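We just call them A, B and C in the order they show up, numbering each chain from 1.
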Amino acid sequence: MAKTNPGRFFEDYRVGETLIHAVPRTVKMGERALYHMLYPARHALYSSDVFAQSCGLPFSPLEELIGFHVVFGKTVPDVSLNAVANLGYAQGRFVTPVWPGDTLRAVSEVIGVKENSNGKTGVIYVRTRGLNQHDELLVDYVRWVMVRKRDLSAPAPATVVPDLAAAVEAADLVVPRGLDFSRYDFALAGEPHRWGDYAVGERIDHVDGVTVEQAEHMQATRLWQNTAKVHFDATARPDGQRLVYGGHVISLARALSFNGLANAQMIVAINAGAHANPCFAGDTVRAWSEVLDRADTAAPGVGALRLRLVATKGDAPPFALRDEAGKYRPEVLLDLDYWALIPM
Amino acid sequence: MAKTNPGRFFEDYRVGETLIHAVPRTVKMGERALYHMLYPARHALYSSDVFAQSCGLPFSPLEELIGFHVVFGKTVPDVSLNAVANLGYAQGRFVTPVWPGDTLRAVSEVIGVKENSNGKTGVIYVRTRGLNQHDELLVDYVRWVMVRKRDLSAPAPATVVPDLAAAVEAADLVVPRGLDFSRYDFALAGEPHRWGDYAVGERIDHVDGVTVEQAEHMQATRLWQNTAKVHFDATARPDGQRLVYGGHVISLARALSFNGLANAQMIVAINAGAHANPCFAGDTVRAWSEVLDRADTAAPGVGALRLRLVATKGDAPPFALRDEAGKYRPEVLLDLDYWALIPM
Amino acid sequence: MAKTNPGRFFEDYRVGETLIHAVPRTVKMGERALYHMLYPARHALYSSDVFAQSCGLPFSPLEELIGFHVVFGKTVPDVSLNAVANLGYAQGRFVTPVWPGDTLRAVSEVIGVKENSNGKTGVIYVRTRGLNQHDELLVDYVRWVMVRKRDLSAPAPATVVPDLAAAVEAADLVVPRGLDFSRYDFALAGEPHRWGDYAVGERIDHVDGVTVEQAEHMQATRLWQNTAKVHFDATARPDGQRLVYGGHVISLARALSFNGLANAQMIVAINAGAHANPCFAGDTVRAWSEVLDRADTAAPGVGALRLRLVATKGDAPPFALRDEAGKYRPEVLLDLDYWALIPM
């Protein structure tokens, strides 16, 4: 009996089946310290227990993206080991904060399958849920990936494509219990801009750039127990390149967005996301944002901004996104649509 | 009076003498987080407090190799600062788990000396013990190294070569108190294979590869306060290479072995070990294992496997080990013989 | 309204004004583990809770330089974003240890301004204080930097140059409460040399070298939330080099000084400091020290040494410092003058 995991192929997925992902993970303060070492993260709510307490929380939660990366990493052996491409995200919600000491596990449900016309690959849709040791929902999101078939002669399954909303409704955002921005200290947070200072359509160049190193992206990806070989094995691709984990670019861009969005403290939803082009070591990553929507919440002093966060590399022109044909420009790495909480 | 440590030379060692190694070290959750960042470690017992509790432990211990590396690092200034080669390990046993918050210290006894026929170097044998703040034995092992003589005219000491068993007897393995695999969750652990599924002689290719970076091996080695200059100083060797610490290869290979040995949770003994060839940054490390023996234990549901773990680099053929003359092939980095605990 | 921080320019500073630096930071054991991964730090007081307790402390504090780097990092957006050069330090005192769990914040007062004769830049002097969550003073120091003018036609302010002592007086050193070296364990600390063994004028070559990697210096700098772009963005300089943060060199040199100064446990003052030449990835950093002064303290068994710590790169001759014209030699990276506590 073969002992190693060959991964699943397209024809192995059945709509409605549940995938229990292995290796639960306890995360504590060490992971937070590493997050600050790996990313230029400065949002005060995740940096200071005292600041978090002044916002009504018991202490500083872990960055939402830590929870996302851990959960995502757990799904790799069951979802994307034989993936050709990670096609998109939708309906991501961060429901309960991840506190130091929590143990995270992940479960996915297959919610769609669609064989491609070439007969060699297909798209699978999964809804993944991250849970803590109390079985509370931390995060859930839909992701779809293109996966190889093992057996090209396997019959195509009935196509099921889930109906996915373009964005999480503002009314469906979950504000962490106790969050209160009515005594928010803008000086300590680093910028004076509040919810009302951001206009829909406004774009912000986050100015700073970070050049990616092999050691750094591998460490970041490994920290989340994501072991997809394209990230670690220089012999896995003909060009000898190791592909940077898309989530590394998300965290880099989010951290860079501090400069201009220092008060967009908490990520509460991921509406959509595309990894437009691959990122490699040596690329210098920059970011810009666009304000897509605004909403209020029931929590005191807490507003929500819907933001587009774009990461670029190289000599991208200002606010680079798509070319005239509507395709992502080659310098665009990431196009992420998310909701963040910000003081009113 | 010279203030810096010149290290000991061959003629400085006396059979029976005790070496008290400096700089005790408190290890906590930060070191665990770093272990997960530096190695693709996924064994569930070391990843999740909840999983560890389901196996009868109070919470997740630190990886045995963390304890080994810390203890080994402490011995370097007294044992291997002037070493030419680290020749072998024997009779290593992990006796008490290392818990977050423990303070580790190390003591060695010189148990053998043998001058080489060239009159320039000699082999010393030491038994090293790692202890916690309660003076409990965490780990002990025998190691022998080739050390330079300071004074080539120093007389050769009487040869003493200790009698070392080829392997730790199964009856001498120490199972951590409370360990109970009778309610072991194979789905969460990541693989269904139990003790009875492994046959003596079976070999497992662990598939994945990791390309080593300078920053990573230096960070890992430094973390264990191992400051041997060959690992850190690009000017120390004529070829400008920094030598990867042998223990880094052990941890890499052990982590890679998850894919096929996900349930070989705890290392309880190191029977033998050889660093067959040097590893350098840029090498892509892979691993394979061979089942050497099986034994049961008195603990509920807990069996033991004796495993050979081989790390290779480059385009090593499958299950590369020795050439026809019986020498290690040039692609072989590590040949480690150890006992692990696995659910029955 | 522009949302991003353009930084302050020379004409924006007024003598007497207070700068409240943003983003308080809670530091815990994760940061300590990272310090041991990033630097070859082995001083026993910061490595072992048990050793620290044997010296009268409740447990192991964080390295003083962790506090310094965190506080320094917070000042960057307000003080040195448009700096041309970091010119010097004076009157630095470490007043209260940083304990795991502390939340650090930083405040600066502008204490001097002096426009340069070229009319393009000026020097500003700030006194920075790092405080914990109880508003206790952790560290304070004076720093002066050369900053660009935004508007070359802005009138020169009245010159104010603070009167800075060449060194902190021995009588002004603050010994941490409870510190007692009367039962100090020299064997566990790693060297037998005590206060009385060091003579004024004595110089110590610390022997070991560390080759700097891009990933390492960026991670170290980022960990302290220092986001000055010259350290991270390979496109920021015409030569494509990323400048190593000067504080990284301080921590490297301090850690290397263990070999010869293992008992110089605590840094209590920084008298002066100059970053003589830039450091880049690929440089191999070495260090040497000179004993400048000795003093006793009121604490049991605790003496103080005033030390010059010099970091060099490349093939620096022994004890390289200045050329015949009195200028720093090109191999000299750092010339730091500090007080350390050492057992009598």
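Please note the rule applied: a contact is a pair of C-beta atoms (placed from the backbone, for glycine too) under 8 Å apart; a residue touches a chain by one contact, two chains touch by 3 or more.
Model, not experiment: these values are computed from the prediction.
Visitor: Out of curiosity, which chains are bumping into both chain A and chain B?
Guide: Of all the chains present, those in contact with both chain A and chain B are C.
Visitor: Cα superposition of chain A onto chain C: how big is the rotation, rounded to the nearest 5°?
Guide: In short, 120 degrees.
Visitor: Between chain B and chain C, what is the separation of their C-alpha centroids in Å?
Guide: So the centroids are 36 Å from each other.
Visitor: Going through chain A residue by residue, note those that touch at least 2 other chains and give them in order.
Guide: 28-31, 33-34, 213-216, 219, in rising order.
Visitor: What residues on chain A touch chain B, complex-wise?
Guide: 1, 3-5, 20, 22-31, 33-34, 77, 101, 103, 105, 133, 213-216, 218-220, 222-223, 225, 227, 229, 232-236, 242
Visitor: Contact residues on chain B for chain A in the complex?
Guide: Residues 28-34, 36-42, 44, 47-51, 60, 187-191, 193, 197, 204-211, 213-216, 219, 259-262, 282, 284.
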